[in-house]
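Written out below as structure tokens is the structure these notes cover.
Here the chain labels run A, B, C and D in written order, and each chain numbers its own residues starting at 1.
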Amino acid sequence: MDKIRVCLVGAGRAGEVHGDVYFLSVPDAAITAVFDTDIAKAKNLAEKYQISEKSIFEKFEDVLSYATFDAIVITTPTFTHCQYTKIAARQKIHVFCEKPMAITEKECNEMIDICRKENVILQIGFMRRFDAGFSQAKQMIESGEIGEPLIVKSVGRGPGLPGRWAFDIKNSNGNLAEVNSHDFDSVRWLSSSEYKKIYAVAKNSKSSEIGMEYPLFYDNATVSATMKNEVFGLIDSVCPCDYGYDARCEVVGTMGVLFIGSIRECTTVTCTRKKQIVMPQVLSWKKRFHDAYIAEDRHFIDCIINGKEPGVTGDDGKKTVAAVVAANESILKGIPIEL
Amino acid sequence: MDKIRVCLVGAGRAGEVHGDVYFLSVPDAAITAVFDTDIAKAKNLAEKYQISEKSIFEKFEDVLSYATFDAIVITTPTFTHCQYTKIAARQKIHVFCEKPMAITEKECNEMIDICRKENVILQIGFMRRFDAGFSQAKQMIESGEIGEPLIVKSVGRGPGLPGRWAFDIKNSNGNLAEVNSHDFDSVRWLSSSEYKKIYAVAKNSKSSEIGMEYPLFYDNATVSATMKNEVFGLIDSVCPCDYGYDARCEVVGTMGVLFIGSIRECTTVTCTRKKQIVMPQVLSWKKRFHDAYIAEDRHFIDCIINGKEPGVTGDDGKKTVAAVVAANESILKGIPIEL
Amino acid sequence: MDKIRVCLVGAGRAGEVHGDVYFLSVPDAAITAVFDTDIAKAKNLAEKYQISEKSIFEKFEDVLSYATFDAIVITTPTFTHCQYTKIAARQKIHVFCEKPMAITEKECNEMIDICRKENVILQIGFMRRFDAGFSQAKQMIESGEIGEPLIVKSVGRGPGLPGRWAFDIKNSNGNLAEVNSHDFDSVRWLSSSEYKKIYAVAKNSKSSEIGMEYPLFYDNATVSATMKNEVFGLIDSVCPCDYGYDARCEVVGTMGVLFIGSIRECTTVTCTRKKQIVMPQVLSWKKRFHDAYIAEDRHFIDCIINGKEPGVTGDDGKKTVAAVVAANESILKGIPIEL
Amino acid sequence: MDKIRVCLVGAGRAGEVHGDVYFLSVPDAAITAVFDTDIAKAKNLAEKYQISEKSIFEKFEDVLSYATFDAIVITTPTFTHCQYTKIAARQKIHVFCEKPMAITEKECNEMIDICRKENVILQIGFMRRFDAGFSQAKQMIESGEIGEPLIVKSVGRGPGLPGRWAFDIKNSNGNLAEVNSHDFDSVRWLSSSEYKKIYAVAKNSKSSEIGMEYPLFYDNATVSATMKNEVFGLIDSVCPCDYGYDARCEVVGTMGVLFIGSIRECTTVTCTRKKQIVMPQVLSWKKRFHDAYIAEDRHFIDCIINGKEPGVTGDDGKKTVAAVVAANESILKGIPIEL
């Protein structure tokens, strides 16, 4: 069988995470081209993945003109997702698009429509759904282990701010989009319902210099959601988070509770003269979700080869975008927003 | 030194918790009288604590007429707290009053005023503050261990509903008062600030028969608060909670995070042919906060003996009542409420 | 009911632990006398427990001549236990004796015989048996939760060396007696069997200056035991242990495993810029077994009042002494010793 | 670069573990042949890894006659390891050999000698050394985090017995070899020393029918070792272990303690009406050490490509064989054995 040829669209941190996975752990696929407007980054990954000079691109229009491949993995800034997806889909290229799917629901709809029309796969990068713990939890909830869900809580705290372009909330949807799209998806996925009403508060506590230029910028926030099935959601967001990377969920049901995730990186424990029990902490999403990224990317390739519907669809991406937009509106207006 | 003579005002579950503590673990005090409108309960505790027949009362007015003592421990329904406190204080009796302090801020003010005027101790039953873990955490926060607090989360889930009188939210403030006063106090205490704005949602998911009679009754809720110093609070409430008793806090600061409490009852762990790791779970507040109740009651007696200001004051009780009232208003109106 | 009058025989660290328990948490008993050859220590505790000058003693013979009481709590050095027990028992005084019970089996037999003859209670201080976790584990094992025990492991590591008199192994049985009597008792108790064969190794790794004077002194050791029912025991001993106090057991059975105890002091967890998960560690046996000491001392008083056989008997003490003696013999000879 | 061609020698459980790793996660290698005396097993894996019919073998001599490859991965029964290694090495084939390396030290020496002479890589399958937790712990110890090691404890309990051929201790070295080679290696590796003296006890508690035919068979054992640098080792062995797979180490040093490994499979936690805290348990070495196997196999291929000395050598394998042989001798003779 020929390998699925993949073009990395974006050669930043997330591009490299997917690149490493494709290079080492997806035998049915091969990286055959790299694109980034920052050509140095593109070259860097190209060298790492043994891709020839002529398959490195800094203009997106060139990618599809001069390279041949079957799928793209989009990790560029959010505002580019819709455009790149549309161009690629029209050429029958399958699309894996990192979260957030896009800036607006309208963009999401356009992406969904074109991919459906062109009959290409569109998968959104909610890798938590491929994590062993998260997927086990989802199954437990569906099997009734904790009864009917009442409250879903999701923690999303990350060490590093997204790029400067994301500081302007109006054009990027801010941290709730860039950092907490996963949490909005988790609440929706684990509650098996859609957002009905969202109340959010936010403030800028650690980033006063960013606040000078972008007065609406916030670095911590909480979100209180009511889902259509009356499940309550609670999300908290902190980024930059000085102590590490923290992604955990807690689901309270009518008959029990379920905790997903941990801040422990590995099981080593030490005690020393400092008279403390010390354990290594999760510092990066790359390590925390390493296996999930492998499962996610293998799933995408499997969907392409076998013509399957992906486990995470454009609709999933769109619903999260809509919820994030509502949360930002709530922050600005100080009242709950109906969806 | 003569022992401080204590009258138990209320001989239900909470009365017995304090009674046991005074009987076994507060050498400077002695229980000398018991009151309960349910005389059978009063007799039961009287026998347990070796109190003579003539010191058992079913009318509160009789207690002060026929018995002599130095202090009362009030564990009767919330709507009685103000009246009993006022009667006792006028006779120079010191008052330990369980949470919630009262139904309204006005009542709280009356209790505070009379106790101040009569120069008697008024301590409110937020025993979490006397728990080793909670007080250690408070110290850590104050020492700057996690920087400035950004978000304080508090979980308050209990196995058993309060008495029937508390199902009528209008007259009792409902579960947010009876079960979650502790959480409202924790958010305030750990954030070192006062409530500014509260948004809450609630529903009745498990108690449809109660809902018939009391349409406003809720058994699960979430609260999103903004404190005056801009710290965010998140509280969730579930009662009855089928899996046990769950009281935990999490404080995210500018430089770290801190977790308080656990659902583990003791450190025993078993693994069997069921292929699961199993640990005993906290089932009751009585056991979870056993040592805290001892510390709390010893503190009250110490304040009486040495004329100290209690660590938990009428003002602490009042602020929590006001926050609970605002949360219930938010539930009814669907909007955030300013305090 | 009159209170049981207790004389503290020994006013050192262990004497104070029991003294505090009796003073604060055993309402049916009262401390009425204190003895210690170091009179300053005796006076210190006497003041703490509000005992009058005339009830402080520095000669053991004076204690029984000039004071009246019902029971003694022996916490003096091990080599005194037999003598004090015999003198007290002959005067119908009940005896609580800290571990190790004595230096030799012969002494243990004398203590058992005299107490039986004089019909007084003799309880040995294996407080682990009164710990909630240990006793829960014992019940689980007996209920067949993990099948038949195969291997019992016990960790006994303590921060502080016993007194100088205990450095001479020949006259004290050394750390295996002073620190690890609890472990020898746990293996025996949890396996429900008696020692058959013991192999032990030991060395002095941290205390070279003690080794100058006492060449047989060891500060770390391991013990491999075979019980009469073929259960295997594994004990490890480290003292002084720089990181804290560590008392844990692990029981592997035919159908499962069970872990008892933990190095966590309380449930607080913090993560900071140090990028580590940090928890407070157990530093002292006093805090780790605080509740167990209360239960142990209440049990002793209950046995006196109600004429019950104590849960931990002279025979339990004796069997542990015999096992420790065999382990020390194995260390010296380099071969396993049959009991 | 051409891929390193690998022949799987053995198509049982361990063969499949390595096969899956090579197939999915080692891009620089390709499985090109499979051998097993049980041809059905060989065919099964061949189909899974898309290997053609003509590259499936049931006679070892045929493998080297009819197939061309660069390396073999030996997972056949222990008594075949020496022979296969020698045949392969003479044809300049690199050898990865699962533990135990062989039955006797003499065999180990022959394997080491031939591989050295033929200048081929010989790597032994102690995958724990490639586990993130174990290797982190090793580094911590070397950095002095817990001072000098005093005691190294290793738990090795597995759910499934090795093949029937391993029940005859004399010809297989039994469970201490098949199950606990890892523990013997861990004690040696973590103590940075060689075995000096070993005392072991063993019994057959659950497998009476095996005991009929093989009276020396044991299914649980403990090992007490003294290393040349006076570190003490404690190993316990249980197999079959009904509750799951359990591989943990604990290292006590002069200044602290370090725990490696856990029985938790993932971080999900549930509490239900059963009133217990429940976590998924590690059930299989395949899952527990999944990432370690990937790192181990990538390391082997890296050593071949870049001519490096493997991190786990024939000498490591030999030292463990010698220690296991001594432990079995100790079990039989009832005394400690000097190495």
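One rule holds in what follows: a residue touches a chain if its C-beta (ideal position, glycine included) is under 8 Å from a C-beta of that chain, and two chains touch if they have at least 3 such contacts.
Just so you know, these numbers come straight off a predicted model, no measurement behind them.
S.K.: Could you compare the number of C-beta pairs in contact for A-D with that for A-C and name the larger?
M.R.: Higher contact count goes to A-D.
S.K.: Going by C-alpha centroids, which chain is farthest from subunit C? Tell me that one.
M.R.: Result for the farthest chain: A.
S.K.: Please work out the Cα centroid separation of subunit A and subunit C, and write it as a whole number of Å.
M.R.: The separation of the two C-alpha centroids amounts to 56 Å.
S.K.: Just give me the whole-number Å value for how far the CA centre of subunit A lies from that of subunit D.
M.R.: So the centroids are 39 Å from each other.
S.K.: Touching two or more other chains, which residues of subunit A qualify?
M.R.: 146, 242-243, 255-257, 263-264, 271-273, 280 - these are the residues of subunit A that touch more than one other chain.
S.K.: Among line, ring, star, complete and other, which one matches the pattern of chain touches?
M.R.: Looks like everything touches everything, fully connected.
S.K.: Under the definition above, what is the set of subunit C residues touching subunit D in their complex?
M.R.: 146-148, 150-151, 153, 157, 199, 201, 203, 205-206, 220-222, 224, 226, 230, 232, 234, 236, 238, 241-243, 246, 252, 254-257, 263, 334-336
S.K.: Which stretch or stretches of subunit A touch subunit D in the complex?
M.R.: Interface residues on the subunit A side: 23-25, 27, 132-133, 136-137, 140, 145-146, 255-262, 264, 266-273, 280, 291.
S.K.: Report the residues of subunit C in contact with subunit A in the complex, numbered from low to high.
M.R.: So the residues of subunit C in touch with subunit A come to 242-244, 263-264, 271-273, 275-281, 283.
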